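In C-alpha cells below, several structures.
Next, two complexes with subunit A in common: one pairs it with subunit B, the other with subunit C.
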Partner chain A sequence: MSKQITAWLQAAPMAFVLLGFLVAPIIMIAIVSFWGATEYSIYPTFQLDNYEFLFSSPVTYTVFLNTFKYTAITWIITLLIGFSVAYFLAFEVRSLKWQIGLFLLCTIPFWTSNIIRMISWIPFLGRNGLANSALISMGVIDEPLEWLLFSDFSVILAFVHLYTLFMVVPIFNSMMRIDRSLIEAARDNGASGWQTLRHVIMPLCKPGVMIGTIFVTTLVMGDFITVRFMSGSQRANVGRLISNDISLLQYPSASATAVVLLCTVLIVIALLLRLVDIRKEL
Partner chain B sequence: MTINTDLELIALTKRYGGTVAVDAIAHHFKTGVYACLLGPSGCGKSSTLRMIAGHESVSDGSVVLGGRDISHLAPAKRGTAMMFQNYALFPHLSVRDNVAFSLRMAGEDKPTRDKRAMEMLELVEMTALADRIPDQLSGGQQQRVALARALITRPQVLLLDEPLSALDPFLRIRMRAELKRLQRELGISFIHVTHGQDEALALADEIIVMNNAKIEQAGPAREVFNSPKTAFVARFMGGHNVLQMPQGHIALRSDQMRITDAQTGRMEGQVTAIEYQGAHVALTAQVAGGQEITALLPDAQFFDNPSEPGQTIGIDWEDRVAHPVLA
Partner chain C sequence: MTTISKVRYSRRSLLKSGGAALAASTLPAPMVWGQETKNITLRQFGTGVSNLNEVATKVKEDLGINLEMTALDTDSVTQRAATQPDSFDIADIEYFVAKKVWPTGNLQAMDASKIANYDKIVGIFRNGKLTPESTIAQGTAPHTVGFVDGPGGTEFVDNESGWMTLIPTIYNADTLGIRPDLIGRPITSWTELLNPEFKGKASILDISSIGIMDMAMVCEAMGEVTYGDKGNMTKEEIDKTIAIFTEAKKAGQFRAFWKSFDESVNLMASGEVVIQSMWSPAITAVRSRGIPCVYQPLKEGYRSWGGGIGLSASLSGMELDAAYEYINWYLSGWVGGFLMRQGYYSAVPETSKDYMSENEWGYWFEGKESTADITSPFGDKLAGAGETRDGGSFYDRMGAVACWNSVMAENQYMVRKWNEFIAA
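What follows is the complex of A and B.
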C-alpha cells in the first residue's frame, strides 16, 4: 500500500507539469474553438460556426493540401539524406572517436537559432544573391533564377536544412544497435553489399526511420515561421492560417483550425505507428 | 573416391598494426575431420577461424581448400560456412527465412527456397518452429537454426566459433552430442573453436592447441591429452601435474598418482586440500620446493585409507606415466 503511494508521489511532479502545460492548454483551445467572435470581441458560447466556416471554405482544403505537400517532400528528402548520413557514420566510420566527433559536427548548426539559420539563406538565394551570381559568372545561366527564393523550393530547402538531423539521430541509433556479426552472417550467406543493405540493414532500421518520420512530420505540419520567411509570405500552410487568425485576434477561429490540425497530425502518427512497432526501440 | 576437401593453412599470419595475432601457423585438416582449435582467450584461435571464413583479411600466408587458394575470396565463394558465437540470426526474419537467406540472395524462387529450408530444418529437428522469429526461441533452438542456415550453403568445411559457450552446462553436453552426430552424418569437416578442453576432448578427432599466436601441439585427442609436448599443453588440458625435476619438466596424470605412507613414496608431501568430487577425491599436497601435486583417487580407495589436511604422506607413480615436457 505505502509502496503504491510512493510510486504515485514519484510520478506526481511530472504529471502536474504535463497537466498544467500540455493537457490544460489543449483543453482550453478545444473549448475556445466553440466560442463566438465579432470584429472586436469574443464571447463564450457553444456553437459550431467556426468549424462550419472552416470546412466550407475552399481555402482550408488548399492550405491543408499544401501542408501535406511540404510534409511529404521534406520527408522524402530528409529520409534520403538522413539514412545516408547515418549509414556513413554507423558503418563506414570505424573508430568510435571519429563517430562521436562527426556526430557532434552534425549538431553544430543547432548552436544558432532556427530563425537565424533560416534567414541566412535569404542573401544566398536572392535575386542578386551568392547562388545566382555564382551561376551567372560560371555561365550556367544568363538571367537570375527567380524560383530560388520566396518559393516552394526555398521553403522546402529550409525545412530540409532545419530538420534533417531529426532523421539522422534515430536512424543512427537504430543502426548502432545492429549486431555487426549480422552483417558478417549476411556476407557469409552470399549477400552483396546492396543485398545486405536491402535485406538486413533497412528492415532493422525501420523503427529509427519511423521515429525520425514522426519528428519531421509533426515539425513540418506545425510550422508557420519557416513558410512565412522563406516564401516571403507568398505561400500558406495551416500554421500560417492559425497565426493570421491570431494576429487578427480571431482566437475562436484559430482554435478551431488548431484542433483540426492536431487531429490530422494525430491521425497521421496513428497510421505510422500501425506500420511499425517502435516500442522495442524505446 | 571422395572429393578432396582437405584444408591447408600455410604460414598463415594475422597482424593488427604492430601486434601479431596469428604467427605463421601451418596445419593440414583432412577431409571429414572434426577438429578443435583449443586455447586460452587471445591465443589467436578465433582470428585463425575468421581468416579461414574470410571475415578477417589474411596478412600473410594462405588458406588452401581442396587444392584451391581461397585466401582472398569472398566468404560465400570459399566453400566454407560459419556459425557465429551468438548465432547472428536475423531478428526480423522467421526461422524458415533465416535458413533460406542464402538461397534468397542467390535468387532462388520462393517454393524452392522454402522446400530446401524445410529439409535443413528437418535435419536439425526444427520444422515445428519454422514460423517463429529468433527472439521466440531458446538458446539451443537458436543454435539449431544457425546450424541449418550454415549447412544450407552445402559447405565443404563448417566453421564453428565457440558454438556452445552461450548455452547452459546441461544443454551444452546435449548439443555437443548433436554436433558430433551431424558431422558424422554429413561427412564434412568441422572446425570448432573452443576454450574448453573437456569440449574439445569429447568432440574432436584432432585437437590443435594454440598459445601466443602459435600452434603448441596438434594431434588426435588422445595423444594430445596423454602425451602433451609442452608444460603449457599439459596444464591447459588439465588432469596433469607438471613437476620441475632435476632432469627437466615432467607431466604426470593426476589419476595415475598413488598415495603411500610417508617415506615409502618417491616424494613426501603435506596434504593441503581434499576435495570430494563424487566418483573421485582430489587430494592436493605440497612437496619439497613448494610445488603442488594433485592426485585424483577413486573415492573407495581414498575412504579406505583417508588422510587429513596437514598430514604428511608419500606420493608415488610408475616410471611409464612420467612424460618429459618442454617448459
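What follows is the complex of A and C.
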C-alpha cells in the first residue's frame, strides 16, 4: 500500500467523526437559519427575515457589544494572571517536582463542575455574604457593596476564575520549551531582567499566548450560563439571546444568531492567527 | 375482566386509608374500567410542581400502572410537547401552553363521558365561572382552551362540548412574595414592586409569558397603563409596559431576575430581595428554612395559572384505556389531597377532602385558623397552630383572580420586547 493511502486511511476515522458531529450540524444550523417559525413549529422555506430582524434590531448590537466587552476584559485579566502564574512556575520554581506539583495544584478547582464553581460565588458575594460581612467587620465599608453580585463585576470575576487555567497551561508549555541558554545569553550580554522578559521570553511565548487567547475568546463568546447566573439575568450576551430563542421554540431565529456569532468568532480567530503563525512557531 | 379491575381498585382503597369508604363511593358503580393494566407503562412529563415520584409510586400501588415521570422547566415542557410527540404518552402542561401545543396535533381530545368525576370539576375549568356569580378573569382562562368540537377537533370551542383538551389537575393563584421582617410595613398593592423604597431589592421572573403579566398587574395598579385585556395586549400596551420596567431596571430597581424556582427561593432566603414575583411552593421552601415569608394578597387580585393532563395523539388501545383509568384515579382524591397539602388546588376539591385531615382541609381550603401544626406531605412544618393561610379560603383566593397566564396574539412581538428589556 502506498504511503499516501495509508495516511488517508489513518486520517479517515477522525475526519468522519468531525464531518458527522461538527460539520453536518453546523450546516444544518445554517440551513435552519433561513427557515420560518410559528409559535409552535418551524417550516422549511428560504427567507431572510431572521437575518433582517437580527441586523435591524438595536438589541443585537447592544448584546454583541456586551459580548465583546466581556471577552476583552476577561482576556486582558486572564492573560496577566496566566502569564504571571506560568512565569513563576517555569522560571522561579527550580525543581521539576515542584513545578509539576504546583501545576497540579492549579488544576484542583477543575475537579468540580464549572457551574458549581460559578454558583459558589453567589453566597460569597451577596449582600449578606462573606465578602461584605468581612469588609464591614474590618471597618472598610459601612454599607454592603451592592455591585459585588449581579453585576458586570461578578460576571467577569466568574469568567476569570473559570478560564484563567486555559491561559496558564499553553503559556507554561511555551515557557518550558524556551532554551535556558537563550536567557543566559541575554544576561551575559547585559540585558536586564525586564529586557530579557520583553525581548526574549515574551516573543517566544507568543504561540502559547495565542492558543490561550483562542480558548478564552471562544469560551467567553459562546457562554450563556455564566452571564445568566452571575448577572442575575440582568445582563445579556449573544449566548443568552440564542438560549432565549430556543426556549421559545424560535429555532430559525436562534440559528441565525448562532451563524452570526460563529462568523464573528471565526473572524476574530482569523485575525489572531494573522498575528502569530502558530504552526510555524510550534 | 373489567369488573375485576374495578374491584381490585376499591378493595385496595378500602384497605389503605381511613376515608376509603367515602373514596370508593365517589367512584360511580357502572364505570367501565379498562383492561387489566398491570404491565402498562405510561410516560408522563411536565413541570416539577406536579411530576412527583410519590404520584408514580401510588399509582403503581393502586392501579398497577407504571408511570415514568420526567420533570422539566416551563419552557422545556412546551418545547417537548410541541416538538417531540413520540417521547410521551401523557403531557402535564399549563393551559396557556395548550394554545401553542394543540395546533401541532400532538395531543388528542378526551371524551368527557369517560371521566367519572367530570361533573364535580371546578367551574373555572368548565364554564369559566368559579361560582355562578363570578366574572371571568382576563388572559387565557382555562375553559377557553379546555374544549374542542369533537374527537378530531382542531379549534377550541367556548362551550362544554364533551371533548376536552386537558384534564385539569393543579392550579393556583399567584401574587408577590415578601419578606415581612425586612419590609416592616403592610404591603397591599402590586405597585410596591416598583416602589423606589425597595430599590435594588426587587425581582421579577424572567419567563416572558408570565413576567409580562406580573408587569401588567403593576402598571395597571400604578394607573400608568389601561389594558383592554392584559392577557392579550396590543403592541402599544406592550411597549408602554416594557418602557416602564426598562426605566425601573436602569434606575437599579431590580437585584436580579429569576428563571427557576430555586433561584427565587435563594434570592428571598438570602435577603438579596425583599419583594418579588414568586410561586407558592417557593414561599413554602423559604419558610421551611425558618425565614419569614408571606405570599401577600394584593388588592388588585391574583395572577392565576392552571395545569392539566393531555393525552398524546399516538395513544390507543390498552394504553389509552390505562390513561383514562389513570386520569380517573388522578381526580379521585389522593393526588388532590397530596397537592393541596402543598398549597395548590385540586380540580375536584371535594374528593381530596377525604385524603386530608380536618385541620388541613380547614387551613388550606377553607382559610380557617389551623388547630395544630400544618406539615407538607414531605414532613416539613409549614405553619403552627393558630395560623391562617395567606389570602384566606379557596373562594377568597380563586375568586380574586385578575388574570390568567396566557399566550398573546402579539406573542412574538412581546418576546422581542422582553429580550430588549433583559438586554437594556
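Going forward, the second predicted complex is superposed on the first by the 274 of 282 C-alpha atoms of A that agree within 3 Å, B and C clash if a C-alpha of one lies under 4 Å from a C-alpha of the other, contacts with A are read in each partner's own complex, and residues count from 1 in each chain.
Quick note on the criterion: a residue touches a chain if its C-beta (ideal position, glycine included) is under 8 Å from a C-beta of that chain, and two chains touch if they have at least 3 such contacts.
Since the model is a prediction, treat every value here as computed from it, not as a measurement.
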Let me test your reading of the model: by the given contact rule, A:Ser41 touches which partner, first (subunit B), second (subunit C), both or neither? second
First (subunit B), second (subunit C), both or neither touched by A:Val200: first
Looking only at subunit A, is it subunit B or subunit C that touches more of its residues? C
Using the touch definition from the top, say if A:Glu184 reaches subunit B (first), subunit C (second), both or neither. first
First (subunit B), second (subunit C), both or neither: which does A:Asn66 touch? second
Give one of first, second, both or neither to describe whether A:Leu241 is in contact with subunit B, with subunit C, with both, or with none. second
Output check: A:Glu146 vs subunit B and subunit C. Expected answer is one of first, second, both, neither. What do you get? second
For A:Ile122, select first, second, both or neither according to whether it touches subunit B, subunit C, the two together, or no partner. second
So in the complex, the part of subunit B that touches subunit A is made up of which residues? 53-55, 74-76, 81-82, 84-86, 88-92, 101-102, 104-106, 149-150, 153
Write out the stretch or stretches of subunit C touching subunit A in their complex. 75-76, 78-79, 82-83, 100-101, 103-104, 200, 203, 206, 208, 249, 254-259, 266-267, 270-272, 407, 411-412, 415-416, 419-420, 422-424
Seen from subunit A, its contact residues with subunit C in the complex are 39-41, 53, 57-59, 62-63, 66, 122-123, 126-129, 146, 149-150, 228, 231-236, 240-241, 244, 246-250
Can you name the residues of subunit A that touch subunit B in the complex? 179, 181-182, 184-192, 195, 199-200, 203-204
